[in-house]
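Have a look at the structure that comes next, please.
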Amino acid sequence: MASAQLRLERIGKRFGEVVALDNVSLAVEQGELVTILGPSGSGKTTLLKVVAGFETPDHGSVKVDGAEIARLPPAKRDIGMVFQHYALFPHLNVRKNVAFPLEMRNTDKREIDRRVTDALDLVELAGYDERLPSQLSGGQQQRVALARAIVFSPRLLLLDEPFGALDRKLRETLQLEVRRLQQRLGLTTIFITHDQEEALVLSDRIAVMSKGAIQQIATRAEIYERPVNDFVADFVGESNIFHGAFSAQNTVTLDNGRVLQVKRDAAPGKRLGVLMRPERFSATGDNVFAGDVLEAIYLGASFKLRLRCEPGIELLVRQPARGKLPMVGERLTIGIDAGELHLFDL
Amino acid sequence: MSRSAGFAPALPALILLSFIFIFPVARFLSFSVEAGHFDWYAQALGKQLYLRVLWDTFEIAALVTLFCLLLGYPLGFLIATTTPLWATVGFVFVLLPLWTSVLVRTYAWMVLLGRNGVLNRLLIDAGAVTSPLPLLHNFTGVLIGMVHVLLPYMVLLIYGAVRRLDPAIVQAAQGLGASTWQIIWRIYVPLTMNGIFAGCVIVFVLSLGFFITPALLGGGRVIMIAVLIEQQVRETLNWPFAAALSAVLLAATLLVYALAQRFGREEPAS
Amino acid sequence: MSGRKFLVAACTLIYFFLMLPLLVVFPISISSAPYMQFPPPGFSWQWYERYFADPQWMDATIRSLQIGLATAVLALLLGVPLSFALVRGKFPARQLLDRLTMAPIVVPTIIFSVAIYGLFAKMKLIGEWYGLALAHTVLALPFVVLVMIAGLRDFDRALELAAEGLGASRGQTLRRITLPILRPSLISAGLLAFISSFDEVVVALFLAGARMTLPKKMFDNILMEIDPTIAAVSVMQILLVAIVLFLIGRFGRGLSAAAR
């Protein structure tokens, strides 16, 4: 069965007073991996449950390859899902866990054996057939969950913060494995996470969610370099965000008085947000800041510095680690070019 | 689609309970109001003889509860605060008597407490007493027997309450210099009060309705209300009176539970 | 910490008190004396022989086993769905249903026994084993529910969601996932129901009629103080409980959770 295209149109869901999903629309193309990124309470898990069929939306439509599935029970949707805590059946061994969806579809025994073996090979767990979930490590359990979710060639793959319980190194390994697997199978995938680094590693596109609505959906580069509002700018990557207004041609005056040279132009008085990514600073530039070092952290490959410049401006700066780490209290001068500033409407 | 179960799965059980429990009990209790008058209640609660039975029943229940508490607290406490291995052993020795048939236990007490029984034999042989102690077919025997039957319930409930106590509190007290005795009185007892309370309520209520033990160990001299009810049905065939007595017993039981609900609300902070 | 030692010593005495009756019946059951005598003068299997040779005792035992089994099966068949409804149901009268389920424990057994006796006498069900099984089921139901509820509370519902997402119908999920995982609780509940029926005296006294259950026969025997065959029966009953406890420990789910 080939992978499908998913269309969510104006999905709304309330739980009593709380609006979990606020007219959310999303299009996921065939073979694409979209990450839904957001803090807890943003509605991302609810959205996933709507797609999987565990929640029914109050209004809106869910279309897979053009067919409306909002009324279908989860069992009939042909969607593979990987849960946060794996949800492996504790009383069945690895092989039986992975075989389960095929048995539910009355697949012939030989076929089941073949496909389970293939799936276990894909996730590099060949030979673990007889083990029980309790005998596996966290990473291995997650791989079994993955194998189980794809063995029946689903049209969509959904992953609900699957790596939350694992340590960093393991997480990184599995992230890459999932990505490779997904691309190899060409499987349309939605991945939920609150970890923005994870989102940046995995996705074709990222949908940033907050308070039940998608704030921005775009490619990784777009999201990082051209966020459309405070929330996205702040949530993804480290940031220095200020608000101000246009005061003259190519000039913005920040709320605290500081004047900046920018590349864009607009009518004076137009309010906007200014984003300066910490790694975009250099020794000098169109805009210069002088400040005292409040914090200096050595991170191996880079320095992370916090500078207090004029009142109302504290800057987070990342520099490649060259020379000595600046000392606390030291006075530093840094600059940033007009073209390195990102502006967004308020 | 509904994730939660509906009411339907409960239906078969509900039908059974309705026909085999609610209906028979209601039907039986209704006998007490014969031809619309409450005479049988007047007799049950009015005549000296029957008031005596009620009083005795309450008295025994209270004493049994007291002894169960005194014996049960240390035991529940010990099992809850010892190593898992010993805790299992402790449990086995509580569950084994608990599930052993009441009959077996009562019979064993008859063997133990009789004039020629084990206990008296040992005491006489050891020279502690000159003539056998009257331990059977009287108040004492019934008391002993009932405490034995109900003690495990108290132990289990105390165990639960002690387990729920945050061990950090005890450690803090120890660190502050409290002696074992002080810790028991000032920390454990107050904070496990709801377990104590629950245990006492259960034991008291069960004692009220006891039949087997007073029937066998009382030798006809200890009439608790359940024994009286049985007599009225079996021998005297006075169903309405038995129903009135039963209604009184049930009312007393429900009253105790209701009071327990009212006063047993607070779960201690842990 | 002498406080602790004192506690252990006191508890040992209390345990002794608890186990004493159980221990006492053992020597009596192998006594060679023709009547109740302690200490027993000699060793003999006579009482056990009496028990196995007597058709009345055997009949009573078999009846008790039969009724116990029926009770266990029926209590599970009714109690397990009931537990699901109580834990997961969202209907208005749920608290009421909960109270009702526990009612057989709250209402003194003597009242229930007399009441059911009255009803069954009218329906000519006295002496019928299935009548007794029904009554015992009512008494066993609360215990089954208590054990199952404890098991359901600890059950991870994500497993059911996963099963459904993988294509299982509700029925398949129940059969292949939920119940197998709940098996330890089911075993505990079933054994509990069985033993509660097997030992039950009060209801049996009223309902058993001419063909008795084991406890009823024991009761009559004790009342009439016939002979120490009772002791032999008691020993076997204790052993049965020990076996059941072992089975629960091995295959069932910890009952300490259900104890409160």
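Going in written order, the chains are labelled A, B and C, and every chain counts its residues from 1.
Going forward, a residue touches a chain if its C-beta (ideal position, glycine included) is under 8 Å from a C-beta of that chain, and two chains touch if they have at least 3 such contacts.
If you're wondering where the values come from, they're calculated on a predicted model, not measured in any experiment.
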Point to revise | Furthest chain, CA centroid comparison against subunit B | key: A
Study note, to complete from the structure: One chain's C-alpha mean falls closest to the whole-protein C-alpha mean, and that chain is C
Practice item. Give, as an integer number of Å, the spacing between the C-alpha centres of subunit C and subunit B. Key: 18
**Study point:** Length of the line joining the C-alpha centres of subunit A and subunit C, rounded to whole Å
**Key:** 55
Check your understanding: How far is the middle of subunit A from the middle of subunit B, if each middle is the mean of its Cα atoms, in Å?
Key -> 60
Point to revise | Residues within subunit A bordering two or more other chains | key: 53-54, 73
Review point. For subunit A, which residues count as touching subunit C in their complex?
Key: 52-54, 73-81, 83, 85, 87, 89-91, 100-101, 104-105, 148-149, 152
Review point. Given the complex with subunit C, which residues does subunit B contribute to the contact?
Key: 2, 4-10, 12-14, 16-17, 20-25, 27-29, 31, 71, 74-75, 77-78, 90-97, 99-112, 116-118, 121, 148, 151-152, 156-157, 159-161, 179-181, 184, 195, 198, 205, 208-209, 211-212, 216, 226, 229-230, 233, 239, 242, 246, 249-250, 253-254, 257
Practice item. Provide the residue numbers of subunit C that touch subunit B in the complex, in ascending order. Key: 1-4, 7-8, 10-11, 14-15, 17-22, 24-25, 28, 36-39, 77-79, 81-82, 84-91, 93, 97, 100-101, 103-104, 106-112, 114-119, 134-135, 137-138, 141, 195, 198-199, 201-202, 215, 218-219, 222-223, 230-231, 233-234, 237-238, 241-242, 244-245, 255-256, 259-260
Check your understanding: Which residues, counting only subunit C, touch subunit A once they are in their complex?
Key -> 156, 158-159, 161-169, 172, 176-177, 180-181, 183
